[in-house]
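Shared chain: subunit A. Partners: subunit B in the first complex, subunit C in the second.
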Partner chain A sequence: MDLIQSYSEELKLIRKPWTKVWVWGLVLAVFLLPTYTTDAVVYIATMVFMLTVGVLGQNLLIGFTGQISFGQAGFLAIGAFTFGHLSMLGVPWALALVAAGVMAGIFGFLVGFPSLRLKGPYLAIATLGFGVAVYQIFANSPVLSGGRMGLTIQKLEEFWFLNMEQTYFYLYFIIAGLFVLLTYNIVSSYMGRAFIAIRDNDIAAEVLGVSLTRYKLLSFAISSFYVGVQGGMLALLLGYLEPNMFTFLTTIDFLVAVIVGGLALVEGSILGAAFVVIIPQLLSEYKEAVPFIYGVAIILVLIFQPLGLAGMWLKMRLYFRHWPFR
Partner chain B sequence: MENILQYAITGLSQGSLYALVALGVVLVYRANRVLNFAHGDITTVGAFAAFMLLAAGIPWWLAFFLAILLGAAIAMVFYFGILIPAQRREANHLGMVILTLGFGLIMQALVLKFGDLEPQTFPFPLSDSETFNIGGVVISHLSLGTLIFGILGSFGFYLLVQKTPIGLAMRATSENLAAAQTLGIPTRRVLALSWGLAAGLGVMAGLFLAAVLFLDPPFMMEPFLKGFAAAILGGLNSLPGAIVGGLILGVAEALAGGLISVAFKNTLAFLIIIFVLLFKPEGLLGTEFIERV
Partner chain C sequence: MSQVAETGREQLAADKPPLLKIANIETLYFDRIYALHGLTLTIREKEIFAVLGPNGAGKTTLLKTVAGLLKDQPNKGTIEFEGRRIHRLAPERISGRGIVFVPEDRGLFRELTVKENLEIGCWGRRGKEVKDDLEFVYELFPILAERGEQQAETLSGGQQQMLAIARALLRRPKLLMLDEPSLGLAPLVARSVYDALVKIAEIGTTILLVEQNAKLAFSIADYGYIMEAGRIVLEGTSAELQENEDVQELYLGLGGDEDSSKGWRLYKKRRTW
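The block that comes next holds the complex of A and B.
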């Protein structure tokens, strides 16, 4: 799209002065959200931030590295329960959040091993099996899942002059912001280019000197780290955990978010996370319509707009930039 | 010893249903190299349709026949209405798998909207409580019916694929699409037929499963995942493999459930998937896949 003349320019997140203006304006508008809306809206925004983290991870794996994974619910559960047990032992939440991510990352690393041999449908089934197995292990072992009562987790305390919703809002805003920046940097680094090379043709990538073993495993580990952190955030936000939150339906939420938002686009993950949070909220009176909307959205996006909502946004910008020419 | 025989018989009967589900999965995989995540949901729609027809007072054989036709019709609509347009726009493999997932979500929503949500027993012509006693091994009418029907269904399907012109066309199409087109085989219709047949087999299995389990919207989720496991175990591109895989999985599950613990029974299928994929990804009877660079 743009003419890039040097590598430092390529690494820049924002290349045009006007883009800078509206991006910062948008960030400011979101930052001031609690001052001009109700607590309910603030809570929804908090959930969008939370989901953004996990969807970014899923997007790194599916969109950038091109590895199908249907096991996200498993990583989410591992992250959430790690966080839950640690916080019950009295570990501070920040440390527990990192530990949740690391634990999920370790499991992601292990699940990544089949990806070295398996492709496409086989990998999809292997990860699906992992997700379901994790759910069943948690559902069948009271020691891990806290039994019938589930785990109860100490929630955050109100910070300074902020109320509960606002405390969560600002904390999750910061975490999501950090992960968005991290993802932009991963994508524009050697690692990100290695991921994309593996997606486009893994054998060619290996011939060009990209270590398949290292980068496939890394992709799985990083993606599950993100999802694990999201699990910890979920536990912290809700204050309780039970295995039924982590069924295959949760995995479907992630997939819908990545596809509808836009594959291999960081902005897409944010839009996708917003989509899967806001649609069920809007349709709270017609719950059975939610899967219908998801299904139709997936089909429409894949047939008519393969880059999703973010792709629509890109096309719109391009249209106005070149207007009145086409 | 008698216990083991008992478990084996129960497992075989359950396994023959897994085999029917797995056949559907393998058939679609061979046709388009797509894993059909909508398989379970189409089956659920079929079972609910059968239930509603029975409630309307239609004799069971007609209701079942119509339900199977409905399932097949839905799968063909998906193929012509969604998959082909997506392929024209060069959807990749991931895209096609996710399309089936999306279609499955739509089917689920339809069942939630139009089906009765209360779990209910499914009136079935064979009884689950009346039993035969053969040399100390007890088998219910339903299990025996399931076993016979599963084996007959698989065998009939085998004959269709191996011994008829239609089957020949199906095999040719899955072997080499371009060559089949050149030879004048109407590949699109043949592929649609594969989708329809697969869904029909799935609905058949679903009707028997509905008689054992309670009929509620997500009731096919688990048997469908087991069908996947069976397909992987036998080899994703091998039709006999699907049958063998289904039977082995059924027996292994029944033995694990009876001899070890019931909780382990449900996890077994996924352990099998992971081990097979790690050590012999092409499955028991599948052919090894080679990639051309």
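The block that comes next holds the complex of A and C.
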């Protein structure tokens, strides 16, 4: 085990030179994706980037802080419709995206209050109530949801020599990249330590000086901010919005992504997002089978690989590092 | 007896200012069950205090009340630390004042490694002092440096207790409160934990100890309190308490040369004390 020698080394995200090569190689391969694949693949990759943002937020809440929330569809809807209304008012998309995140963050902060008193399944039910309530409100109020026509949103224009798919691809690549970096930094900061302490033993965390109130609410707010930004990205990508996109099944998508990808692993969130996007695409002929696959995947992962897809990768790396001695 | 205790206490009180002053506190569970019933207790700086008592006397409740872990408690009475009121403050603010509580189950972050546990112990602190404190802790418990990368839940009971104490020390406590540090430990291991406590007291940390194992507690404590049914019924220096007949009979297991039920009958009789 290599020991960390200095503080600057502690702060580095990538510690080994070879890991750096791997990571940059991978980033480059993804960056050049449009040059060697079709537009359909590029579109799927764009969706993966979009979902990565939300799953990262969900992982911060479930994986790192240990607070179970089933209200993600609600935050997604709030983010998406905030973005939709603002962009119809003519607000530029970048500003609207931030506003979508902030609006969802505010609601996340409010929904976080039950978490101060409730734990585990009770909290799950309380947040589930929020998610369902938001859907009902949007479904039943034409002012908010744009009525039967839904909201129509101005999509991006083609940028420079890129076509439509490629423009979205690069924009979402950059946004997802920023959120991945942000998450790595949150996790390794004092804030991340506080989240982990609350997850593992909240009484000990309190005794050691971590304010449960502050950090639980902060976790909810940050997580909802992520999901809200994803809602804005969804609206921008699709170009229209209707309440039916934000049913309870959307929440399940997040949960599957977090568990299958790996709890409390940033890389896991990316893999989990990819899983949730790619499986329905592969099974587009058998749409009914998708929830079934999700259920089986969760059970198998929890039994055989509690660390998820990213955990599998970790174990593989460890195996090759020790090879051929173990 | 009580007069001796009084004079001894007055002498000591004259030497050192009180660090923690608990006056007439009442703690209730579910708004109706009294766990602490008008308890008064004073803790002076740089000494080791032991609180003894039978099961259900409210020892753990006392520590939890001081640490602020029981919401809206104490119901009545005041707790002062260094002359400032701390009752009904949030636990993290009490911890910030310098009172650190090591719970009975040790409160480790079980899934994290020993090193990560200690890192969270340093949470919110910065500067060079942290490094010095870490070195002190590793010097006190060399086994923790050895087991740095091991998951906390895979440690043995004694090592877990050492880790819990080490993590608490990294908060630089003025008052360290320990709930049954010898619980579930083999006598030799418990002894080594207690030896470490003596060393911690030597650097100027005040220790408040709750313990069932009276012999062990008296071996390091300067002053003892005996609790029963939510009150302090007896107090005195460790030597005085060890000579007290009731304490010998009920806590140290001495003087029980007649049939064993005598102790229990005496206990019943003296419940009122």
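Following the convention adopted for this analysis, the second predicted complex is superposed on the first by the 324 of 326 C-alpha atoms of A that agree within 3 Å, B and C clash if a C-alpha of one lies under 4 Å from a C-alpha of the other, contacts with A are read in each partner's own complex, and residues count from 1 in each chain.
Heads up, the rule we're going with is that a residue touches a chain if its C-beta (ideal position, glycine included) is under 8 Å from a C-beta of that chain, and two chains touch if they have at least 3 such contacts.
Model, not experiment: these values are computed from the prediction.
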| item | value |
| --- | --- |
| Clash or fit (per the criteria above) of subunit B with subunit C on subunit A | fit |
| Of subunit B and subunit C, the chain that contacts the larger number of subunit A residues | B |
| Touching partner for A:193 - first (subunit B), second (subunit C), both, neither | second |
| Partner chain in contact with A:114 - subunit B first, subunit C second, else both or neither | first |
| Partner chain(s) touched by A:125 [first = subunit B, second = subunit C, both, neither] | first |
| Which of subunit B and subunit C A:102 touches, first, second, both or neither | neither |
| First, second, both or neither for A:62, with subunit B first and subunit C second | first |
| Which superposed partner A:298 touches (first subunit B, second subunit C, both, neither) | first |
| Which of subunit B and subunit C A:210 touches, first, second, both or neither | second |
| Three-chain overlay, closest Cα atoms of subunit B and subunit C, distance in Å | 7 |
| Overlap of the subunit B and subunit C footprints on subunit A, listed as residue numbers | 203-204 |
| Residues of subunit A defined as touching subunit C within the complex | 1, 190, 193-194, 196-197, 200-201, 203-213 |
| Residues of subunit B touching subunit A in the complex | 29, 33-35, 82, 85-86, 89, 91, 93-95, 97-99, 101-110, 112-113, 221, 225, 228-229, 232, 236, 263, 266-267, 269-271, 273-274, 277-278, 281, 291, 293 |
| Subunit A residues touching subunit B - in the complex, by the definition given at the top | 62, 66, 68, 113-114, 117-118, 120-122, 124-126, 128-130, 132-133, 136-137, 140, 203-204, 248, 252, 255, 259, 288-292, 294-299, 302-304, 306 |
| In the complex, subunit C residues that touch subunit A | 67, 69, 90-92, 95-96, 100-103, 107-112, 116, 119-121, 123-124, 149, 167-168, 171 |
